[in-house]
Amino acid sequence: MADPRFFRAAGPYSVSEIASLTGATLGGEGDGSLVLKGVAPLDGATTDDLSFLSNRRYIEQFGASRAGAVFVVPALAKHAPAGMTLLLTPNPYLAYAVAAGAFYPETVLPPVVASSAFVDESAVLGENVAIAHHAVIESGVVIGAGSRIGANSLIGAGVVIGKDCRIGANVTISHCLMGDRVTAFPGARIGQDGFGFAPNPPLYVRIPQLGRVIIGDDVEIGANTTIDRGAGPDTIIGTGTMIDNLVQIAHNVQLGRGCIIVAQSGIAGSSKLGDFVTVGGNAAISGHLTVGDGARVAGGSGVMRDIPARATVGGLPSVSLVQWLRQTAILDRLAKRKEK
Amino acid sequence: MADPRFFRAAGPYSVSEIASLTGATLGGEGDGSLVLKGVAPLDGATTDDLSFLSNRRYIEQFGASRAGAVFVVPALAKHAPAGMTLLLTPNPYLAYAVAAGAFYPETVLPPVVASSAFVDESAVLGENVAIAHHAVIESGVVIGAGSRIGANSLIGAGVVIGKDCRIGANVTISHCLMGDRVTAFPGARIGQDGFGFAPNPPLYVRIPQLGRVIIGDDVEIGANTTIDRGAGPDTIIGTGTMIDNLVQIAHNVQLGRGCIIVAQSGIAGSSKLGDFVTVGGNAAISGHLTVGDGARVAGGSGVMRDIPARATVGGLPSVSLVQWLRQTAILDRLAKRKEK
Amino acid sequence: MADPRFFRAAGPYSVSEIASLTGATLGGEGDGSLVLKGVAPLDGATTDDLSFLSNRRYIEQFGASRAGAVFVVPALAKHAPAGMTLLLTPNPYLAYAVAAGAFYPETVLPPVVASSAFVDESAVLGENVAIAHHAVIESGVVIGAGSRIGANSLIGAGVVIGKDCRIGANVTISHCLMGDRVTAFPGARIGQDGFGFAPNPPLYVRIPQLGRVIIGDDVEIGANTTIDRGAGPDTIIGTGTMIDNLVQIAHNVQLGRGCIIVAQSGIAGSSKLGDFVTVGGNAAISGHLTVGDGARVAGGSGVMRDIPARATVGGLPSVSLVQWLRQTAILDRLAKRKEK
């Protein structure tokens, strides 16, 4: 059960209701009238809980679990303990996501503008917008219906935020046009100047950064992630792209739709990623590169060349995944031979 | 001497008093009645200052130092300049820590709740709690005696903070149960949603993140570090673990007691580290791995396999330190041979 | 044209005026009386816009551009499309920086101290200082004329900020002496305790961090970058040094003048960099090292040894750039051979 101090439980739901909600099929030894009160991980679940198996690493936990019912793919159902009710589905993780959202619907705060917030009189707030304590909304800002701005955040002059966005606490946004249903987690920094300056001995002259950040719908931006605005072109984040914590997106970068950018990775200036690109944690992509649709970059890699569509690369500097594995294997063998 | 604009000096103390406080033994040519007014690094110290030698790199500075007295291990005492008072101890760094704390006790602000802070009426504050300007304390929060919350920070609904914690400015905490004497430096983000979603073509569905962050006693969390709450299991930080700046701790991660996690390193989802594990700067540990007690990960490494207790690893992908050094050496030799 | 919601256009200016302002020479087929209204990238520019070519990657865009006038080096002028007015200069990027600043001068807000800000009565503010909403200025702070402090930022007790500094929103500064014309982008953390503690089994004792952060003139500090104060010595950032986002500067680090520190790189405790050192993105420099003037560190590198002046290094662990390229090439060849 999720901690009631932090999560409000809806439910209970019967297994039949959950099957109906998620499209899963009843399996195992259980029955559809079983009533469940919450969700829990396999190893902490009780008979009142719904759980899921989506990673083969946890088959053993599955076999020992006391969960009342579990989402599982049919092929792994045989590992279930006796008496467990199964919910068979080709995608247990997705089914779990839907069911967990039903058990613990997100708390929606009343759409209040806190009296301690500063909202410029020229700002336009849609219906049911919530502005938390000490937030600052500058001139000309437009915030769509149902969006919420967290405490101590700053929405800079002229920024446009779509509908049903969730901007966390201590966030800073400027020079940005944002779609609907975007989430920005605490500490995200969006729209500040890109890192650009020209040598002007003995030091440098800053290049005015005259672009914007354009964010599509259904994007997530992780905690303490930084997205610089464009230098002249815009920085663009495509619809449905998910960005983890502490990621750096430099000026003029373009990310396509549905990309997954894992924590602490960085994309240098003017690089363009296609749709559904995955970048592993702590990887870095140099500037002015093109990464094709569906390409995958292994964690920790340093990408210094263009990547074709659907290719997988790894290493520093990165090469194809197959070649990287070979490099790793031969180096390991050479080093062991040396030992003798 | 530390800058009086920032540090309030207590003292002065005699060498005898310091010896008594730290368990050090008087050595060298000095005498115990020497009076010291502050602490300083070897190369900036004057005869009024106490200093220390804990790294052999600085033996030369030691020999040239004008410090009045210096903590040093007996074996290095012979490098002291003539006339210097020595404080002999097996652990000069620890002795210095204690003495420096005596000379410059931390400034304790009066336990005031700023009138500009928002404190929900359901929050429970222990004795001598200080809440700085514009901080926001949401419903149901419990803050233990002597804890201090910095300016512009947000403590989210239901969070429990122990005694004598020091939460810096611009920090965000939610979904967290925290022990005593925990320090969170400015900009730390604790308890936001982990990075989890299931493919639901054409895009993704977010997985409700229903766990918490559980933090033991005497933990430090660096500036702009991010610790996501668990997806169902909790994210756990063991007692006495020290986390540097800009570190990413993903959902469901478990860190044991006394770990040292250096800046910009990242630990991916569901990995479990034992006690007293050291992770070097900018290292990354992949998800779902187990790292044994006392293991050490070299800076910059990319860990993709479990690490046994007390092993030391390095490289990308990481191998045992010995093997990594061999790999490095042989590659270097091959590359030089090629040159001919 | 830059988006008028975010940028206020000055101008228009004639090509002759721009030539005079930047020292460029008229070239191509255009004439000096052509009037320009704004600046734009080559591929988005219209005949009213000024643009520039500074990277050979974009020669094709240059040839197809509809820009009214373009800064270009004489050697590349031949790639211009028919009818384009050229502004010939040895440094198009610098010329563009100057011209773009003339077209879009930075918006200077009125020097108001927001009524919602907290300014301690002992703080000293120079003429025309602006303090944004909910900022907190603690006791003894000194802020030079023309400096601006962003919303929800904290300037800690005793901090000295020079003239014409621009401190962004949600910034935290303590224990710091800062020169003139310094920019700190949103979420920067400056002056918190360094990561230092001595083993004191079973756990650790924190070492009091008694130094400061000393920042020269004309420094830039990126969004969510962290700069810890010294442990005893100071942490020093030299004049004109540019630091990108999410960079970690540990305690006692010294950076010389005019260094360029790219995003997500980190410099461990007590390392000293000379003047005009460049550190690529996601690179890490170990502690207690010396890096000579003009040295360059490739992105992603892990530096574990001193670097001589003007050397270029790369790799993990880093070696000379030439040697790293050789290592990479030979490893790649060995791995391909293995395939057969």
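As written, the chain order gives the labels A, B and C, with residue 1 at the start of each chain.
Definition applied: a contact is a pair of C-beta atoms (placed from the backbone, for glycine too) under 8 Å apart; a residue touches a chain by one contact, two chains touch by 3 or more.
Not measured: the values here are computed from a predicted model.
Enquirer: If more than half of the interface residue numbers appear on both sides, call it same; otherwise different. Which is it for chain A and chain B?
Expert: different
Enquirer: Specify the angle of rotation obtained when superposing chain B on chain C by their C-alpha atoms, rounded to a multiple of 5 degrees.
Expert: So the angle, rounded to a multiple of 5, is 120 degrees.
Enquirer: Approximately how many whole Å separate the CA-defined centres of chain A and chain B?
Expert: Result: the chain centres lie 28 Å from each other.
Enquirer: Could you list the positions in chain A whose residues touch two or more of the other chains?
Expert: Each of 116, 134, 152, 170, 187, 224, 246, 264, 282, 316, 331, 334 in chain A touches at least two other chains.
Enquirer: Flag every residue of chain B that touches chain A in the complex, lowest number first.
Expert: 116, 118, 134, 136, 140, 152-154, 156-158, 160, 170-172, 174-175, 187, 189, 192-193, 195, 197-200, 202-208, 210-212, 224, 226, 228, 231-233, 246, 248, 250, 264, 266, 268, 282, 284, 286, 288, 302, 316-317, 319, 323, 326-327, 329-331, 334
Enquirer: Would you tell me which residues of chain B are touching chain C in their complex?
Expert: Contact set of chain B toward chain C: 2-3, 5-7, 39-41, 43-44, 55, 57, 91, 93-94, 96-98, 100-101, 104, 106, 114, 116, 132-134, 150-152, 168-170, 185-187, 218, 220, 222-224, 239-240, 242, 244-246, 257-258, 262-264, 281-282, 299-300, 315-316, 328, 331-332, 334-336, 338-339.
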